[in-house]
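The structures come next, written out as structure tokens.
Both complexes shown next keep subunit A, but they swap its partner, so subunit B is in the first and subunit C is in the second.
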Partner chain A sequence: MAISVKVMRRPEAGRTSYMRATLKGMSLTFRHMIRPTKVTLEYPEEQPELSPRWRGTHRMEVHADGRPKCVACGLCPTVCPANCIRLVGGEDDQGNRYPIVYEIDEFRCIFCGMCQEVCPVEAIHVGQHFENAEYGRERFVYDLDRLMEQDHPVTLLWDPSDPRSE
Partner chain B sequence: MGEMQELSTFWFVTFGAVKVVAVFTVVMAVVAYMTLAERRVSAFIQDRLGPNRVGPFGLLQPIADGIKNIIKEETMPGTAAKFYFVLGPALAIMPAVVTFAVIPFAAPLPTPVGTVDMIVADVPIGILYILALSSLAVYGIVLSGWASNNKYAFLGGLRASAQMISYEVALGLSVIAVLLLAGNVTLTEMVWKQQQLGLWFVFPLSLAFIFFLISALAETNRLPFDMPEAESELITGYHTEYSAMKFSMFFIAEYAHVVTASALMATLFFGGWDIPFWPGDDMFRHEGAWIRGFDESGAPIPTSPSVLITLLTLAAFSAKTGFFLLLYIWIRWTLPRFRYDQVMHLGWKVLLPAALAYIMLIAGTMLVLDQLGVAYGMLYGLVLTAVSGVTTLAFLFFVDRDRVISGAHRKRTTRASAARPAAGPAGRTTSS
Partner chain C sequence: MADNGRKAETVTLTIDGQEVTVPRGTSLLHAAESMGTEVPHYCYHPGLSAPAQCRICLVEVEGAPKLQPSCVTMAADGQVVHTDSTAAKRMRQGVLEFYLVNHPLDCPICDMSGECKLQDYVFDEGREQGRGREPKRIFGRDDFGGDVLYYGDRCVMCTRCVRFMDEVARDSRLTVVERGSRAVIDTFFDRGLEGAAFAGNVVDICPVGALVSKDFLHKARAWDLDHTPSICPNCSHGCNIELHTRDNLVQRLKPRENQEVNGHWMCDYGRANYEWMNRPGRLEAPSVGRGSDRRAADWREALELLFGRLSAAEGDVALVGSAGCSNEALAALAALGDEMPGRVAQSVFRSPRAPDEVPLPGFPLLVRRRDLVPNADGAALLGFERAGSDDGEGGLEEVAEYGGVVIVLGDELADQGEDFGANNSLFVYLGTFDSAAAANADFVLPITTFAEEEGSFVNAQGRVQRFQQGLRPPDSARPAWLVLGALVAALRGEETPGSAPEAFARLAAAHPAFEGLTWEAVGDRGAALVAEAVHG
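Take a look at the complex of A and B:
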């Protein structure tokens, strides 16, 4: 939406009727008083509609057997501009890599979504979620278990109705 | 039936005590809900919702505010004059609460032991008591502003004293017009006189009502005359240094003033508890009997008080007062503030001479009508209404269009054309 500037025409001196202006103002406020134009979203009861591109707190996708999809390739900590992902990778008997430690500091995160873009196996996602209140700072470093527990919808990173974001 | 049964001393004292407690409680409850109404109505005017979390529609919000204010920490500025600092809020709240005592709020109530006047104290000095006590409110404000030892609070206190004294004059003069027409200072008799005239005093004394409304806004320090508080200039003026319940007491005082002023406007100009277009509720104590009026020959028409009439008139009084309470809020959230010099200008240079001239006019008209032998009644009122209506229109025309209070643009024009014919880098001279 373009920004519009409303130019107020100042009346010439001696041409303003203060009585009329007062009465007009009073009638305007009275109309709003008896029929307020409702613009407030009553948040806890009504939830806002999030954009499909909304980038919120993270979520780790899991396989059907409960293992994380992450293969500990190390791309997301490399690409992360805020350096908020800590990854220690390991390898099992069959030679499959998996994350031993995977932590995201949500305080440092800037929610750019590059971790999701770069992930080759679509494991880490940013989510459509914003209610993150906690009682302590330490609770904001999400470990692997916590990331896997999240069940909010994940972000598309693009708008299906406007794929080129035009 | 018209005979009057006087209350014995015992019942007089008992009912007196009951009325004191009841009126005080009701006024305090109205004050509490005024704070909520103010916030809700202002929110609606600004397309917001206002406090609606505590209880249904936020109805328990005043209770939550009260609890919060009582358990908050009291702060005491180190350099404040402690005794006066504590005395200030008490002095502010006292006159605001006691002035309601002389306002009649319903028709007399019949009881088995006699008829009870629905007024806390029907003192013979009536309106003078109100004027005297409401002037005392300024002491609380000035004292708290001075005792805070804070320059903003002090400025607020000074402004309060200047403003309240200035508008006390216009307020008193506008009341004098009412006194002329009512011929008495007790508020019960003013209600009766309006019932007899068949017209509420707002019609024959329309300009006096406008003066009273403006002065009452200024007296209660409400916007557009909130010079003593002036958030934008003086933080909050005289109560900058106050916290917790002492701060709350200033607000109770302000709203109690608003309630009293609204009730006073309803009583002086809108017939008090009179129900319009229905003579059945007219009631006055005349030579030891209740009368409704006088017939053609001048003989009193007897009437008798009833509980139903008392309740109906109480509802009428509440509705009128409630309208003015709403008007106060409505004006506050519509009109911009005056500048301090504009407030003084309006008070001394416009309202004072205009009110004096208006009193002369009303007194002259009444003298002519009395000389012509016009009886006090509908015709009397209509003639005064016509005279007042013309005067009101003339006054409003005179005040309008920059003639009295001009906006900033006129000042800029004159200064720019006089001192700086060629505009500076700003280049914003008005071309007119």
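Take a look at the complex of A and C:
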């Protein structure tokens, strides 16, 4: 457990010039004056470009007749590492299995995207979206209606033509 | 086989290169099971006949021209069996592919998903990708009546359900109609499973999701359920069951095999009556004082006050036990009566009784008994006398007017009026729910239900059977054996029993019928009581 110590030799006082370092710094400053690199965005008028694998708040896909695509199979609450999905299954009047209660606590969610990956019917998705501000904490538990209302684009976690990245 | 006395009682054979010795007459399937190898099977069920028709338990036996169905091929000396050879595996893969020709693969919406044998076997050994191009035939679902729903598309035609109704329930209500890929299980015209007393078992034995319970439909996933070994509380036969719980609620009851009590089966009446274990609105905290003086107290204060009142109590004692309570609780109540200064004037229990017994013809040991409570026989053994009518009401008139000490264990006051116990010198009520008749109680103490505690029942066969805790009780509810045991121990100057096994040990020491029994000896299979004490 020997610790090697590097001894820095400081120049003696009064025999040091900071001129070289100052010029080096100022040259960078002047370079940016002549050829500026834009790093700020005029948000919200300008929107950032998100990575194709960005994973934001959820969205539930719906059928053409407005029913949720979810069949309440229970795989997303099972796979969810943060345990943030609450699901109660049931049967609708046409005999289809559907979620009576489907809630995602977006505060608890860690946005791993496993719910989307595990979904057998491609119902739940994580979104290409980051503007989630609300006035109250309770609004961050998204219920089924809220999830179905979301209309932001969704993430492609993988290439659909090559789901196993082969 | 049995006719030849010269043959040895056991045979030794080789399965997958491992030598195994089994009793003569054991099937290859069981022989493989005894050494820890599961041979896939659908049509074979240990409680039913073996028609060898599912063709998935085929194994290679050296010397035999073709693969042999292991469920009906008996083990013989010197046999060399391969369950995992290339030929056996190829055959299983082929059979599984045939099963999937018309199977909808709707695992996401199937209630059996997670405990389905087709899912398991295909996952283990099936093809990765299907090769089918033709459309699958579709039957949809059929209501069989009772609690049973049939999804024909998922069926693998093992006919376990048909054979259960024929051989065990002896009430042929199901049959196979049509042939080949059009074959489905069906009921006879308009006569479904409605009213059949044991039909719920077909859901348990269905290896796939073809027969599902309406009550459990879409309620929970199999992998979410916790399984707790317990005893069915709905009649005094005490079928061995499992409580399947999720979110601290009982979701369903399933039979647990015990050949000396219920085989693989349980009745529909027992299976359906579990919602009361989930009932909300329980007694939350101990309370002391009568009428307007009633106030909440903590356990220490309530028990100290009660101990003072009990040791100074005047008059004789009347005990009301509940046949829904464990042996440990009832024995502690009886012991408390004995420790009181006064004489025990009466100790009673009540039990709703069905008009007749409902036997299972193909398994005569299993009978839905008349007593619709789990521990009527235990209460009788522990010195309580049967009172009241066959609907479980009445019989407490004397107790209601009683002038001495009254201790009521369990929810026995639901049918009593508000003036119950107005004349008592001391009235203690230990229950799970408040009741109008408890208005005059000096002490109301919340206790746990059988699903929330450990304990034992005595069934109608005179068999002690243990149950385990499956639910978390409300915050301040305590097991009755603990509450009563603490009072008895305080009156006697002993130590309080710290656990159900300790409470059972005290009960076994005090009651001759339980002599020699220990908690470990009762185990999870139960143990018979000393016979003469039961019948004497």
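We adopt the following convention: the second predicted complex is superposed on the first by the 116 of 166 C-alpha atoms of A that agree within 3 Å, B and C clash if a C-alpha of one lies under 4 Å from a C-alpha of the other, contacts with A are read in each partner's own complex, and residues count from 1 in each chain.
Going forward, a residue touches a chain if its C-beta (ideal position, glycine included) is under 8 Å from a C-beta of that chain, and two chains touch if they have at least 3 such contacts.
Everything numeric here is computed off the predicted structure, so don't read it as measured data.
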item	value
Subunit B versus subunit C, judged by how many residues of subunit A each one touches	B
Which of subunit B and subunit C A:Thr22 touches, first, second, both or neither	first
Which superposed partner A:Met60 touches (first subunit B, second subunit C, both, neither)	neither
First (subunit B), second (subunit C), both or neither touched by A:Cys109	neither
Which superposed partner A:Arg97 touches (first subunit B, second subunit C, both, neither)	second
Partner chain in contact with A:His32 - subunit B first, subunit C second, else both or neither	first
Which of subunit B and subunit C A:Glu42 touches, first, second, both or neither	first
Subunit C-facing residues of subunit A, complex	71-75, 78, 89-91, 95, 97, 120-121
Complex interface listing, subunit B residues touching subunit A	41, 43-49, 330-331, 333-335, 396, 399-402, 405-407, 409-410, 413, 430, 432
Residue ranges of subunit A touching subunit B (in the complex, touch as defined)	10-20, 22, 25-26, 28-30, 32-34, 36-40, 42
Complex contact set, residues of subunit C against subunit A	107-109, 113, 141, 217-219, 221, 223-224
